[in-house]
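Every chain is named by a letter (A, B, C and D) in the order it is written, and numbering of its residues begins at 1.
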Amino acid sequence: MDAIYQLIHDYCPTMPDWLALALAILLPIAIVMGVFLTVFALLTWVERKALGRIQNRRGPNRVGPVGLFQPIADGLKLLTKEDIVPNAADKVVHFLAPVLVVVPAFMVLAVVPVAKGFIAVDLNIGVLFALAVSTASVLALFMAGWASHNKFSLLGAMRGVAQVVSYEVPMVLAAVVVLMASGSLSSVSIVEAQRGLTGWFVCKPWGLVGFVIFQLCAMAEVARTPFDLPEAESEIVAGYHTEYSGFKFALFQMGEYVAAITMGGITVTMFLGGYLGPGCDLPKFGWLISACWFFAKLGIIVVINIWARGTWPRVRVDQLLGFAWKLLLPLSLVNIVAMAVWHFAPNKLVGWVESAVLLAVAIVALVKINAGQTFEKRSYRFTS
Amino acid sequence: MNELVKQQWLIPFLPLVAAAVQSLLPRKARKLSAGICLTAMGASCVLALRAFVGTLGHHEAERAVWNFVWFDYGTTRLQLGFILDPMTAAMALMVTFVGFWIFVNATGYMSDDENFTRFFCFLSLFAAAMLGLVVANNLLMLFMCWELVGLCSYLLIGFWYFKPSAATAMKKAFITTRIGDVGFFLGILMLSWQAGTLNLYDGGNGALEQAGKLAGLHGWFGWSMATTIAVLLFIGAMGKSAQFPLHVWLPDAMEGPTPVSALIHAATMVAAGVFMVGRMFALFTAGGSAEHPTFAMDMVLWVGCFTALFSATIAVGQFDIKRALAYSTCSQLGFMMMALGAGGLVPGQFHLLTHAFFKALLFLGSGCVIIGTHHEQDMRKMGGLRKYMPITFWCYLIGMLALAGVPPFAGFFSKDEVLLVTFQRSKVAWGLATFAAFLTAFYMTRQMFMVFAGKWRGGHHEPHEVRWNMWLPIAVLSVFAIGLGFFGGKYEHYLGVHEEELHGKSLVMGLSVAVGAAGILLGWLMYGRKTMAHAEEPDPLEVKLGALFTCLNRKWYVDEFYDATIIRATMLLGEFWRVFDNRVIDGILHGIAWTAWGVSQVVRWVGDEFVINGGFDAGCEGVRLTGREFAKLQTGRIQGYLRILCLGAVILLVIWYLK
Amino acid sequence: MNIVFLTLSAIMVLGAVLAVTLRNLVHCLLALVVFFLGIAGHFFLLKADFLGAAQILIYIGAVAVLILFAIMLTRNISGTEGGRSSLGGAWWLGVGLASSLAGMMCVFVRRSELVTKLPYGATEEGVVKEIGKLLVTDWVVPLEIMAVLLTAALIGAVVIALEEEKKR
Amino acid sequence: MSVPLGYYLMLGGVLFCIGLCGALTRKNAIAVLMSIEIMFNAAILNFVVFWYYLHNGALTGQMFALFAIAVAAAESAVGLALVISVYRHYRSVDVDEMKALKG
């Protein structure tokens, strides 16, 4: 924000101050929105293409070169479709839900530093804000499911709520490690704390484990396959957005993808060094280079997401919750201890070895403990 | 020794921790519970042994104390403290050691009970309280532990609270001892008031060290202050140590599980009274001399003497194996008190120690018998157990011989010393005590023959020997019942009391041996020569259960061959005291109650009908109406309450605003 | 007077009133969430950023979800109360008492000199760090107690809610 | 920002009383709990307000609010568990029907 203000000031010294300030506030928001919406559009195309490759088919290839304009066509189609609201639905809530799905996803964007000096608002509680706001999407999800007055919708919504609440705990705990390392909640300071050749937190044992946990939780939080139970089409039609059509449905899709991207952005910021990379500090085009770095890293996360979606089957509800509470949660707690060990170690090497050994032991033990359990035979309460 | 005293707190603390831990254990954790309990007690025992060894090198009656401030209020400072002196060390060692073996035995005795962990929790707490009492250098702490002991005995006697008799017995024990505790508490208050401290020893400022000063002050009834306090304290000891007339709870306490009986009657509760008198001995003797003892000493002497004889006579007429032992304990406690009253601190304390061993042995033995005979307590339905339970028999025999005062055994030496010291003071008391000793020998012999001799009379279930964890404790204790007596002289030296040369040693000793032998002989004549054939066969004593006169007749009906005047007299005497106990003492109490009731009846008749009735009824009606109206306010609806709360807040704010 | 303050307060009061009066419990909950958000907004206004985030995280992320589950678990899925009045007996009494209490409070606030007290204003940056430090130094005992309390509440809630399941 | 302290206090008071009103009048136990949450939040708001205006450099007000939030979370967890338990027992969450303690 300050950088843009400076930029405007440099190039147009005659502009009144308030306008410059307003521009400096609005411009980043507009840019971020524009960029991320483009990324969202691209992402849908990339995902469909990649899934096509994984599933040994071509994917979209009719609209534009190699189907590149497919998202635009999809958007136009959805816009022109009839908007159906069920008779029994709670109209107001039914209307509000898709809006509220998108809002938190975009709000999180405000604290993601996409390039050096390029962040909408540099809150000093940035990460906490991101985590808190992304939680709020759970309510929109519930509103959608409940307002539709459809049992599949409600089931999907309740699944979503349970899932988000469960995965939030290990996610926050995994983030704690990063906060401990950087000593700050501000996303910019977190990125700056990762300078250096091996400065990225993912290069440290606790950071690696934290990254994996965080990434898994992020996938569950935004309900991506293999954690897409709230919209499991083979079980509950389309889950909470069964009763949505037209642009409202598009908003749900958008909310989901934007949330996936922003969570990826948070992951990149916290573990992969954000916009850091060779050349990011250059005086003139540093911001461009750093933006490239950021989006490259984001691309990696996105590819991981798509890859996971293409290769893993959907988990069951009990497996999903058990995974969160029995494996991720204890592991993230151990991870915090490992971070403390690292912090108080006499020198780097000792800290490295100690925390790595601790985490390795914990992972092996937890996997052993959880592996021995067989799931109970399913019992149906309402069978005749 | 000065260092050791700072670790004295550990001795009661370990069982306390064990009790705390066990209170949290689930019922199923039997082994863990017993393990914790035994470990704690064993560790306490080791600590007590260490303290004991630490005191051994010191020939003088020196003591180490360690006081600390509990809390201050105003200018008053409440202190607690621990003491380490020979008497404490010996007592603590005895309590931990005997207690440990009782615990071992209890693991066997209670093995079928579903509330095993609760039992051990109480047992640990009981041991902790008793040990706290022993190591306390402060009357306040002593009193707290004293009450805790009372509470634990209440809980343990009523352990099987679902039995009405046990529920009654627990209340009786609690209330009876509480009567004594009133006196005790008054004594503590007076001491605190007069001496300004409750510390027993405090480098010259302790309460006991001021006994001389207290003897100079005037108290109640023309006694000196020291004597007054001592009398009050002794009332407490009478309750705890079951001295006449507060002895009534002790036989009823047999409703508890047998290890409890052993713990209460041997090592702990009843010992507390005697121990306390010994501890406060300076206060009892202050202001008196050997020729002119204080009233407190006289009281201790005669109450003890009377109890010794009185209980022994009752013990003769019991069928319940534990009840007989209970009266026997009463009697032995009387001996101890008598010795203390006669000025013999050492004999009294020594008899306490030896008695603890062999009485614990006897009680645990009776527990083994009860378990071996499938929970049979009636001696008439036993018999011939020697064949079935040889280990128990031999141990029990040792205990019996010790109690009867047969020469090489522990009881002989200690009892002999008791009689000797009494002989110095009062020939009458000595004579009565000697007679009680004779009765002791007799009733123990009777018990032996009824239980172990002859044929099994209990029916189809054959008795069996008990498991090792039950007989091992009595075997260990019987070793001490044999050997402990030889340390009498050493003990005197150890306590550091040098008593003057006593006269009449040979006479007392000879007579003591003679009456012991006579009692045993008589017992053999009555019960040993021809044992009971079956349980229904009338026993000389069975008649007691009937009306008084038919009792007397039927008592001798079968055994008229053995009829001898002295026994008849004994029986009569025993019967008389029983009746006296039942009719006269109870009668007085009933009389008071009936009088009060009668007076109230009359008052009701005269006053109620004409004067009070109308007004009172109107008042009652008013109260009831108000109550009914106010009850409507309690709707059970939370919002109603909240409303009233809110209304109150508004009213308060309005008042404040208007002010 | 500040326009942001007024708007936020108006939204909050509206949310609170709706949360208290709406018939449908789910609607109540949503109004309550608006109220929570308003409180969080006030925290941000008052430069208590950390508390604002905590408010969102805890109240919207946890408490609201908890209430949601309670509504769903009491088989009141539609959220309505079956045509009966949502208000208890003597509701006018409650309204009267509450409004009089509110009136008294306002009167008292107006009377005190606090009403004109101007903002202290200055707030240092890096308060979050300070909170973190205080939590593990001066306030470490309350923190630990809070941890125990939360654990106990967690276990207690699970036990209370599971009770019936076991009997079945 | 030029809002006098008194307005914040009045806001807090009014919010508290709205919550109180709900707690006094609503029949549904869950609604009552929601009302109590409103009261709680009003009180927490007051903590923060007093901290902001009167803190003099200390963070006590914020810490207190933080702990109050945590306690409120625990309270609501237990409260709602109780509501569910009561519901199972009475098949109702109507507070007017929970009057087993009637005198």
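Everything that follows uses one rule, which is that a residue touches a chain if its C-beta (ideal position, glycine included) is under 8 Å from a C-beta of that chain, and two chains touch if they have at least 3 such contacts.
Quantities reported herein were computed from a predicted structural model and do not represent experimental measurements.
Chemist: With contacts defined as at the top, give the pair, A-C or C-D, that has more of them.
Modeler: When C-D is set beside A-C, the one with more contacts is C-D.
Chemist: Starting from the mean Cα coordinates of chain A and chain C, work out the distance between those two points in Å.
Modeler: 28
Chemist: Determine the centre-to-centre distance between chain C and chain D, using the mean Cα coordinates as centres, and give it in whole Å.
Modeler: 6
Chemist: Per the centroid of Cα atoms for each chain, what is the distance between chain A and chain D, given in Å?
Modeler: Result: the chain centres lie 33 Å from each other.
Chemist: Report the inter-centroid distance (CA atoms only) between chain A and chain B in whole Å.
Modeler: 76
Chemist: Among the residues of chain D, which ones contact at least 2 other chains?
Modeler: Residues 20, 23-25, 95-96 of chain D each touch two or more of the other chains.
Chemist: By residue number and range, which residues of chain A touch two or more other chains?
Modeler: None at all.
Chemist: Give the residues of chain C touching no fewer than two other chains, as numbers and ranges.
Modeler: 50, 54, 62, 69, 88, 93-94, 97-98, 101, 105
Chemist: When you check every pair of chains, which ones turn out to touch?
Modeler: A-C, B-C, B-D, C-D
Chemist: Could you list, by residue number, the parts of chain D that touch chain C in their complex?
Modeler: Residue list for chain D touching chain C: 1-7, 9-11, 13-28, 30-31, 33-35, 37-38, 41, 44-45, 48-49, 51-56, 59, 62-63, 65-67, 69-78, 80-85, 87-88, 93, 95-96.
Chemist: Which residues of chain B touch chain D once you look at their complex with the stated criterion?
Modeler: 631-639, 642-643, 646
Chemist: Inside the complex, what are the residues of chain C that reach chain D?
Modeler: By the definition above, chain C touches chain D via 1-2, 4-5, 9, 12-13, 16-17, 19-21, 25, 28-29, 32, 35-36, 39, 42-43, 45-48, 50-51, 54-55, 58-59, 62-63, 66-67, 69-71, 73-76, 81, 84-89, 91, 93-95, 97-99, 101-102, 105-106, 109-110, 112, 114-121, 123, 127, 130-131, 134-135, 139, 142, 146, 149-150, 152-154, 156-158, 160-161, 163-164.
Chemist: Per the contact definition, I'd like the list of chain C residues that touch chain B in the complex.
Modeler: That would be residues 88, 90, 93-94, 97-98, 100-101, 104-105, 107-108 of chain C.
Chemist: Mind pulling up the chain C residues that touch chain A in the complex?
Modeler: 24, 26-27, 30, 33, 49-50, 52-54, 56-57, 60-62, 64-65, 68-69, 72, 77-79, 125-126, 128-129
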